């Protein structure tokens, strides 16, 4: 276990700057998820932590020691690769034990540790198989085993679940979570799946084009996204952005939005909760109102009576998308298509008007110019 | 227009000039010459071409083949009949009987001989000879003495190329010299097992072992003409080779008797004969037939026999050609041929496929060359020779 | 592979020593491979005196292309002194159709075998593939008979046929292994789009094939161009390919043996295949990856 | 939208459509059946006759085979094939592999070196044979050159030594084929998943370990491909002997293909030639058929 | 547009029976989703509909005509492949137009239709690019365009979204839905993603090992799964199966479940709603109670007062997995790990006891032997 500190790290391939100065600080035992779209430089950063790629600028510290010039094998790091990178010619047991073999661990000790890791991952019955004879999920476990057995200072995961099917992905996600809870080792995990990021991370770093957009806990990222990019990237279905104007009505500051109800267009005023009344300088200006689909749902008087931040309005339903547990209901707000997450029992037909409520306590406002959170 | 596609392997030195002479003669007589040279290996490559041409039903009109091969092709019914032309031109009267045997099958002419080569020649560099104060050897013992002297003087005694047919060439001159003509024929024509295993044969191989000692280290794979030029340059004293070697000397501007000496290898008046001939294959096309007739009659014509053999270094196949223009070596060859023919010491070459079929020749070559290139004992070689010849049949 | 030399902590003096050793090894072997070519090239540019007096490995005193011109235009092959020129064009006339047809047939066959897996396709492939291994000497005689029967003995078309037949196992092998990796979905999509067998081949498969076409063409071209056995056995006289003529030329001497001419002739004979390798060698390696190596 | 109807069946067209693939394969297949299998059968039959100058068709049993195996040159040829073949294959693979690994280290001028290693494949031995003959000839080539540099006792006379001449064939054959092997290996090395190598680094393996323990074992298919390509080259080798040693000294360097050629064409022993050809084929088959079988079985599960 | 009827269709490869008698009937304009795990025979069936694979037994009818022996190109079907199968050598426009070209549509007509399709899919600016120059989503659109432009009787989709990342997948899903609404063409869609199936289908056929498990509307499949396989396959996180005993208590039939609360084990009785009281023959026998995570949530007295089918109980929380919108809460019921979907604001710490409620109106009961729905 070790702390990890990344200080103004840069990376260029030729004239292309792939990482533009990354700063991240991790405590001992933290679980960092690097989240970002394809090509944003996640793998590059991970490779640099592992020492598999040189650093163009900045410093990487493990346990407060600069490791820029330390060879990968001396960094005491284990990594699980996206393609698993199992050695195709070796048996499962040999694959897992190879790192120990290279480090001259005695045969008995090695066998003991390999067996232990295999049992933990429930692949002990596969010890003699070759990787080609394993299913995707089993391969993934072997790759994990190879990292586990080493008992390193830091674990690195490069999209370890992206090759698995949806069902297995959920299972393995939970296992990784449990593993971290049990071992408490510092982990860095790369993914572009925001659900994985949310469920696993103690802190998330969201990258875009080689820059960190936000570095915070999952809850923070979800509830108070630093900018529209983060807000749109995290959450599925994504946050709705509704063009709105900040207005003051009856001494309350709120937003005014265009909407269609009963076939005619009109605007609706949604007051902001008490703790968000401090933005008087924005009155009269346009903003984006960010609403997550699950905070925009069918009107329930019972709940409204309990929570004063819930605000009701009517709107015409355009498309319905039942997903089983919920029905995604598409409405038009402020000229944009907006998704509401509605209980399947409370839906109507497309074209009908329906009563909605929105939790303004969980809404965000964004500056349309800078796209930053207000 | 008489047309003849001529398949031959005369591509080197004097041979090439000689065949060119034939071509020019043929064309001068209105023929159309289609040249089909197949170089390499003294006819090895040509054999494959010929086989494939015959099998494909499209043989060349005239093919340079010889000895028992002619008989075998005739046996297979592949050759045409020139008897009529032969009668017309009286070949029976002008061809030596030995050659008639070669080119006739079942009493019919199927081929025409071009020349007579003598195989058993030693080519000597007179300067080298003078330097060691030796004289041309008349027995194999003298040969050995001379060779020893040359060796002592730092001259390679025997220029030789390590190719099976060259080894065999030396071998047959030794066999004739030590065993005599009767022995030679009994062994290689009648394939008599006792003769093959006889003590005389052991002696022959003993002499071969000596010869091996007179050859320089770099001999394996050397072409014969390179060996010849070693003699020319005085690097080596002697070469045992047929009279086509003379073509090389002449082509290099050397004069017989002065710049090089030709003497027969030691034997009791023996003569090893080699003869090139053109077999006329079955053709259906009238032009080709006319071409064959024209070619055959030209080849046996006096004029051609003279010009051709002057280039080639051999002597005419037909009798009655004036020896005037021929050099002293050739004249000696002509004379010796008559003498040995009468004395019954004329034999056909084994190495050059006159006396023995391809298979027997090959068997002999295998053993001779194996013996020459290893330290096999003469006894072992003799046993191997008998066995190998038996297998070849 | 990854750039292992650029890893952190990897620049020790030991590393530079290894690097030096690496280059020494590479250059040493480069010498081994290049030596015969240098011998041939330098000999072809020397004059006869220099050849006789100098050592084999010495470079020519001055560059002299006389022998080249002589080999091309004047050298004697048998009795005709035409140089290699006419034979060179014979080879061209033989190689181009043989390469084209065998490549095309190989492509079609490979396409059928992989994309229309009818029953027995694998067996048929195995049977065709076995043709790669047949020693050519074995087929000379029956081939001669067959060519005679077909009436194309001793002709260029006959030789073309021979080369097509014995080139096919290789071209089929190359194309099959390449096409196996092209997704079947592509064929299905085109079928649904209404394209027929040949249309799919022409419009979809061929445009995807350049890498393997390069490999096949290079392979076939060198094999056919360099062939000696078939050329020597099935042709005579003026119709012979250049390799046979080269052999005849080298063995034809009128007087002195002109080694410089022989070597120039050898280089002229080798020029097309050498050029192909030097120019397209890169695609060859690349195409091999795509075509015949799996795993 | 207009009403589209499903057209009625057209029997002939349907048949053609269904069978076009087979029809396309048919000519190639027919050519192979005739020109490969037919010819093998023909040769096989001829080997059971006493054919000499020209083929004859009267059955004689295994007479030629018995003769064949009694003949010293044939036994020498088979022995040579064994020595030559195993050395040639082994050295070519080791050297090709080594060069490929060396070239894979991001060397400068890789393209240039690769071309040099590869070009011998482009040239026939008919063309380079003479050059090799000179180089290996003690009086002209390396020995002479080294001696002219002053090392008088240097000796390299394998070409003219009947014990060693077979190894000169290996030298020249390796020269011709190892570049090709190198290309195959290089192509395969380029295809190795770089993540596997990274993983091995993190596991603490050194470069040589990575190649030895991880990369080379994964190249098994390439080794196999090379093995079969080289095997068939070895069995087919003919030009090489003709150009370099002519079978000599003596017949110490002949290979079965040369023996077969000599018997068939030079010694008018077509039957015997046929028998030796069939023995050569049997040698190849013993190696190739298991390979083809495993190859195609494996493919089924792709 | 056309109806599609699949009658007892079978397929064997050698001795392996891949499809074991499939019966499906589709009206004109329906959207059928074939849902099932990898290798269950979905693609095989689709290929047979397209005519790309021969039929071993049974009949396929398009518009009431048997098409078993009709060549694919005469079936007037368009297909979108999982790998997209774009022609790599052709430009986007050429790719889209290839089917028309093959059908000898005039050049002007072709260009018009290609342009129209490209505009509809918003890829008209990419016309001249080659597929290799496109992103995954763009390629997917081109593949769609190629099908669209043909205006076929039936569309077939073979996992068209499985190569896209999560975000894009959601977007494209909606577009396909809209497309179907606009065109009204009969569509058959293969997937193993149950969310796609639920949102797109008018009817779902769930396959397992070559057999249809259930063929019904998405709602039916979700709410009344025919057996435990279907119940477990549809829905994410999947339905919880809790071992329970059917008991009768106070004249009400219900189920009794073991659970942990306040650190001690006890059993809880959950009565079944009125309309499920008709299973008296099951009293005293063991069953599996199927509860979907979203019907098992934190107790809300407000809702319980409105809906009498909601039943409350307490249980100890084991693991928490926040996904942003909801927190998945793991509890132990009847000896199994059970997932509840809880609002992030109502969660406690692991190890604490929490009040839950379950909607018994949406619960299913399964026979443990046959695994069929009771």
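Note that the chains are named A, B, C, D and E in the order they appear, and that numbering of residues resets to 1 at the start of each chain.
Keep in mind that, in the parts below, a residue touches a chain if its C-beta (ideal position, glycine included) is under 8 Å from a C-beta of that chain, and two chains touch if they have at least 3 such contacts.
Protein identities per chain, from UniProt: A, E = ABC transporter ATP-binding protein; C, D = Carbohydrate ABC transporter permease.
Because the structure is predicted, anything quoted here is derived from the model rather than measured.
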Chains touching both chain A and chain C: D, E
Path length in steps (a step moves to a chain that is touched) from chain A to chain D: 1
Each chain counted as touching chain B and chain E at once: C, D
Chain pair showing more contacts of the two, C-D and D-E: C-D
Inter-chain centre distance, chain A versus chain E - centres from mean C-alpha coordinates, in Å: 25
Chain B and chain C, separation of their C-alpha mean positions in angstrom: 40
Centroid spacing, where centroids are CA-atom means, of chain C and chain E in whole angstrom: 56
Chain C, residues touching no fewer than two other chains: 2, 7, 140-141, 143, 196, 247, 250
Sequence positions of chain D contacting 2 or more other chains: 17, 55, 198, 201, 218, 220, 261, 264
Sites on chain E touched by chain C in the complex: 47, 50, 52, 72-73, 77-79, 81-90, 98-99, 102-103, 146, 150
In the complex, chain C residues that touch chain D: 1-5, 7, 22-23, 25-26, 29-30, 32-37, 39-40, 55-57, 105-106, 108-109, 111-113, 115-116, 118, 121-122, 124-143, 146, 164-166, 168-169, 172, 180, 196-198, 222, 226-229, 243, 246-247, 250, 262-263, 266, 269-270, 273-274, 276-278, 281-282, 284-286, 288-289, 292-295
Residues of chain D that touch chain B when the two form their complex: 52-55, 67, 70-73, 133, 137-139, 157, 159-160, 162, 165, 245-252, 261-269
Chain D-touching residues of chain B, taken from the complex the two chains share: 41, 44, 47-48, 51, 54-55, 69, 72-73, 75-76, 78, 162-164, 217-221, 357-359, 361-362, 366, 369-370, 372-374, 384, 388, 391-392
Of all residues in chain D, those that touch chain C in their complex: 17, 20-22, 24-25, 27-29, 31-40, 42-43, 46, 55, 95, 98-99, 102-107, 111, 113-124, 126-128, 130-132, 134-135, 140-141, 144-145, 148, 175, 179, 183-184, 186-192, 194, 197-198, 201, 207, 218-222, 225, 232, 235-236, 238-239, 257, 260-261, 264, 270, 277, 280-281, 284-285, 288, 292-293, 296, 299-300, 302
